[in-house]
Amino acid sequence: MRGAAKAPRTERPTMLPNRSRTSVLVFLIPPLLLYCAAVLFPILQSLFLSFFSWNGISDMEFVGLANYVRMLTADDIFWHSFFNALLYLAICLVLQLGGALVVASLLTSLRRGRELIKTLYLLPAVISTVAIAFLFVRIYSIDPVGLLNQLLHWVGLGSLERAWLSDVNTVLAAVSAPEGWRFTGLYMLIIYAALIAVPKELEEAAVLDGASKWTLFTKIRFPYIRPVWITTTIMATTYGLRGFDIPYLMTNGGPGQSSELLTTYMYKTAFTSTDFGYASTISVFIVIECLVAVGLILFMLKRKADS
Amino acid sequence: MKKLFRAAAVAAACALALTACGGGGTAGNPSNVSPTGEIKPREISWLLSRPADGAVINIMKKLADDYAKDHPGFALNLITTPDRPSYIQKLETLAAANKLPELFDTDATPFAQQLAKQGKMVDADKLLKSLGVYDDYRPGALDYQRFDDGSLYMIPFQFELEFMWYNKSLLQKAGVSVPKSLDDIPAMCTALRKAGITPIALDGQDQWPLERYVAYQPFREAGPEFVQKLKKGEASFADPAGKKTVGWLAELGKANCFQDGFSAQGYSDAQNQFTSGQAAMYNIGTWELPSLATDKLNPAVRNDIDFFTLPTTEGAVTAANEYVSPSGIGMAVNSKTYDPLVSDFLKFALGKYPAEYAATGALSPTTTVQTAVPANATPLYKKALDAANGLGSKQAMPWDTQLDPTTNGRLQQELVLLVQGNITPEQFTQTMDDAIKQNAPKFFK
Amino acid sequence: MIVQTAPATTRTAPPPAPVYKPRRRKPSLYRTLSRVLIMLIVIVQVYPLAWLFLTSLRTEQDFATGDPFALPGSLTWENYARAFETGDLGRNILNSFIVTMGANLLIVLFGMMAAYAIQVLGFRLSRFVRGLFLVGIIVPVQIALVPLFIDYSTVNLLDTYQSMIIPLAGFALPMSIYLFSSFFEYIPRETYEAASLDGAGPYRIFGLITLPLSLNTVVTVVLVNSIFIWNDFIFANTFVLSEELKTIPLGLQNYIGAMGKVDWTATFAAVCVTITPLLLVFLVLNKAMIQGLESGATKG
């Protein structure tokens, strides 16, 4: 890290000519302190705890890497939840980013009522997860028949009717959907803002050249909003990897481990099994997982932009 | 920056080491139940997991107010977290931080047993005896609170009986009668399903209701000792009693005994299915008497409802009058903060509590009072209360208070898969026996 | 369907500026389709809120036995009465308000200060510090529970407003810093230079230029965070013990009865009551928030 700072080009030019070193410290220290106390320090403590076996009330026992070995080699639930978390993330991303992009594009074609729709679209974000979870349990229910199964029945897809939250094959998708649905509005707003900022001249020139809607989108609009897209993707990914409330409230990870995520598993390990050491080990893994995910996104999108 | 990191890590280590050490040494003397000294009124807290507006809390609030009249400065701060998983989280974090209040609720779980071992809870056996109320309690109510070694650290505030409630007319419609044996139930479900009736309404979301079913067969086949051995790894699901329960649950699943999608349905959903006449049976305790045996019950089913107790099996080692009769989550007394005031207040409150509690129409954990039947009760109310007088000496313990928490969590998850037919009985047995082998030693050293 | 709605579309959209005239015929099918689609999506987004409200007006019996998605047979306010009777909703709302305000104050002030230091003042390790803050956007909040609980109990912060505010603010800080710095990047360098020539130091510039200019971003940060903080359950449940400090999500637990039985209609009435303040603020400030988000985003 030091090397990077010393590299000649990284010195960030200040916008203020006459600023003092103390002024930087005055502005920087309070936020940094809060952040260290609330975020960095607990992460370090987790790292520390992950080398111990501790149930909260017994004496702490140093176990070296045993927790890590157990996690990576001997814990079937851990791997199950890891892959679930990835799939959960994928579904959330498709719903949030895909949905946001589609709606934002549709919205740009609208001439009136944009403001109203934007507001309505954001509404689900204010409802508490408890209410959302309960609502969706009702929607997915089969006995009594819930809304989804009723709809399927009406459109003639009765064969698809099922207990969505009890079927090990559908439950993960079923718990991902509400999470995706909740925050689509937020991402839609951001993407919409980027889309309307695309210079009209560019689009009109392309239309004159006979470009189809699709080429217009892929060749003009999307490249233009790529930086925003990266930001949104990172936001959605990290929130997706943090997902907890809805699966925890709707199914508590079940049936079996079909909707167990790393976060819910970690939480249960800590607070149900009182295995704080092992839970910290999973926490450390989650932190690394998130860092890797963001790194990968930046890497992939950068390469795409360069090519 | 590196230096900062190192400093932070060292500080982290110190903070943790400090609290960890603090966790060990500061307990009071658990068997000193009658502390001497002056009664100095102060505010004490009770961390509990009971309905916020329920009888226990209302009565204790009132008793505390009465006590405060003679002891100015006294107050009882009731901190309730009715949602059990959230409560357990809170209790565990408080225990880890060594911040348990004067009184706190817990079941006789392995975690509680560790707290007791560390001397953090007052010996309730001695405490109740010294207060002169020990013999008032129903033996079953105290037994429910005991650890396997017979020691007692929690005081019960309730007494409940669990029955299988059923809808007479739905059973009639399907041409089936009340099961004589547990083994009759799968066939009964098949018949009910054929008649288009949901056989059993089950709250799958809260996990414990399905876990009751796994306890029934072993309790009949091998008695209450089975689970005590199982949790330590001394018995296995491959033993005859274990095999029987696993096979039976798989059969229940095959016969579609529970409503479709039960695993995601909550308490109210399940009860509504029964009280709206869609489901034929419903396994629940006497705490639901106010909604199942009074005029609050849906009039459409009010005259069709009855209950039977846990059926026996052929060659059962426990009697028909022995079943699940829990005395609810118990109250432990923190030994560290136990002083003449706490002692005196408990003496006052425990003496007056039973009469107040029985007046609400609930079964008291003591035998000293008569439960008042509410004015709007159906005849079933009295029948249910009377069952408490004819109980045998053994009781079926709910497994969620017995197994270590990790195994328990795994069992709850695997049970759903077993009943849904997602895994075979063999897979279930394998997974669970492995889970016990891995987790039990940590808790039952 | 399309045939039916097509004329309606032309009717509701009176011929606008002549620019559109030449391409009016062609995109009308596309436009109609997109309108229908938007309507559908809006229904999906708004429906739950409506459902929530309707359920809170149902009688218990109707809720238990009736089709939960049909219109209620009869409406009752009794659930609201029960909701206020069982829980201390006023107190819960007040607590949530204090926590939300407190956390937002920290998030906005500290977020701005850090962004100002990183983006405007600049210093040697600014990239590293920025990276450090990024970690907070990334990690899940649950990992902090156990360590924080232990730390709080050592410094006696358990069961206080601060115990909720600190982690809520700490974990929201990175996103706030991010939004503020992308906004600050947009304030032209010349503005600062001019102020500097007038003799203003970094503190005055912060108070007189940066702060007033970023009002929209402030609204955005406050609203986005309020949504999360108002509904936060996990920190509140871990760190709060006493009844007097319970926030809304904890208060909603009072409707849970014995063994997990929930009084759902009362719960939903309480949910409706408790989201109302947030909803009102949201509706009033929503325009500013959208603008802030949009300006933050396009410069991101």
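First chain written, first letter: the chains are A, B and C, and each begins at residue 1.
By our rule, a contact is a pair of C-beta atoms (placed from the backbone, for glycine too) under 8 Å apart; a residue touches a chain by one contact, two chains touch by 3 or more.
All of these numbers come straight from a predicted model, not from anything done at the bench.
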| item | value |
| --- | --- |
| Arrangement of touching chains [line / ring / star / complete / other] | complete |
| Farthest chain relative to chain C (centres taken as mean CA coordinates) | B |
| Averaged-CA centre spacing for the pair chain B and chain A, given as whole angstrom | 38 |
| For chain B paired with chain C, centre-to-centre distance based on mean C-alpha positions, whole Å | 39 |
| Centre-to-centre distance between chain C and chain A (centres being mean Cα positions), rounded to whole Å | 16 |
| For chain B, residues contacting two or more additional chains | 1, 12, 15-16, 89, 93, 96, 205, 266 |
| Numbers and ranges of chain A residues touching at least 2 other chains | 1, 40-41, 45, 49, 144, 271, 276 |
| Numbers and ranges of chain C residues touching at least 2 other chains | 125, 128, 145-147, 150-151, 264 |
| Chain A - residues contacting chain B, complex | 1-2, 36, 40-41, 44-45, 47-49, 54-60, 77, 137, 140-144, 163-166, 168, 250-257, 268-269, 271-276 |
| In the complex, chain C residues that touch chain B | 61, 64-65, 86-87, 125, 128, 145-147, 149-154, 158, 237-238, 241-243, 253-254, 256-262, 264 |
| Chain C partner contacts - residues on chain B that touch it in the complex | 1, 12, 15-16, 18-19, 45, 47, 50-54, 77-79, 81-84, 86, 89-90, 93-94, 96-99, 203, 205-206, 208, 266-268, 271-272, 275-276, 285, 287-288, 298 |
| Complex contacts: residues of chain C adjacent to chain A | 13, 16, 27, 30-31, 34-35, 37-38, 41-42, 44-46, 48-49, 51-52, 67-69, 106, 110-111, 113-114, 116-129, 132-148, 150-151, 166-167, 169-171, 173-175, 177, 189, 192-193, 196, 201-203, 205-206, 224, 227, 230-231, 233-234, 248-249, 252, 264, 267-268, 271, 274-275, 278-279, 282-283, 286-287, 290, 293-298, 300 |
| Sites on chain B touched by chain A in the complex | 1, 5, 8-9, 11-13, 15-17, 20, 23-24, 85, 88-89, 92-93, 95-96, 111, 114-115, 118, 120, 198, 204-205, 207, 259-266, 269, 273, 278, 404-406, 409-410, 412-414, 416-417, 420, 422-423, 439, 442 |
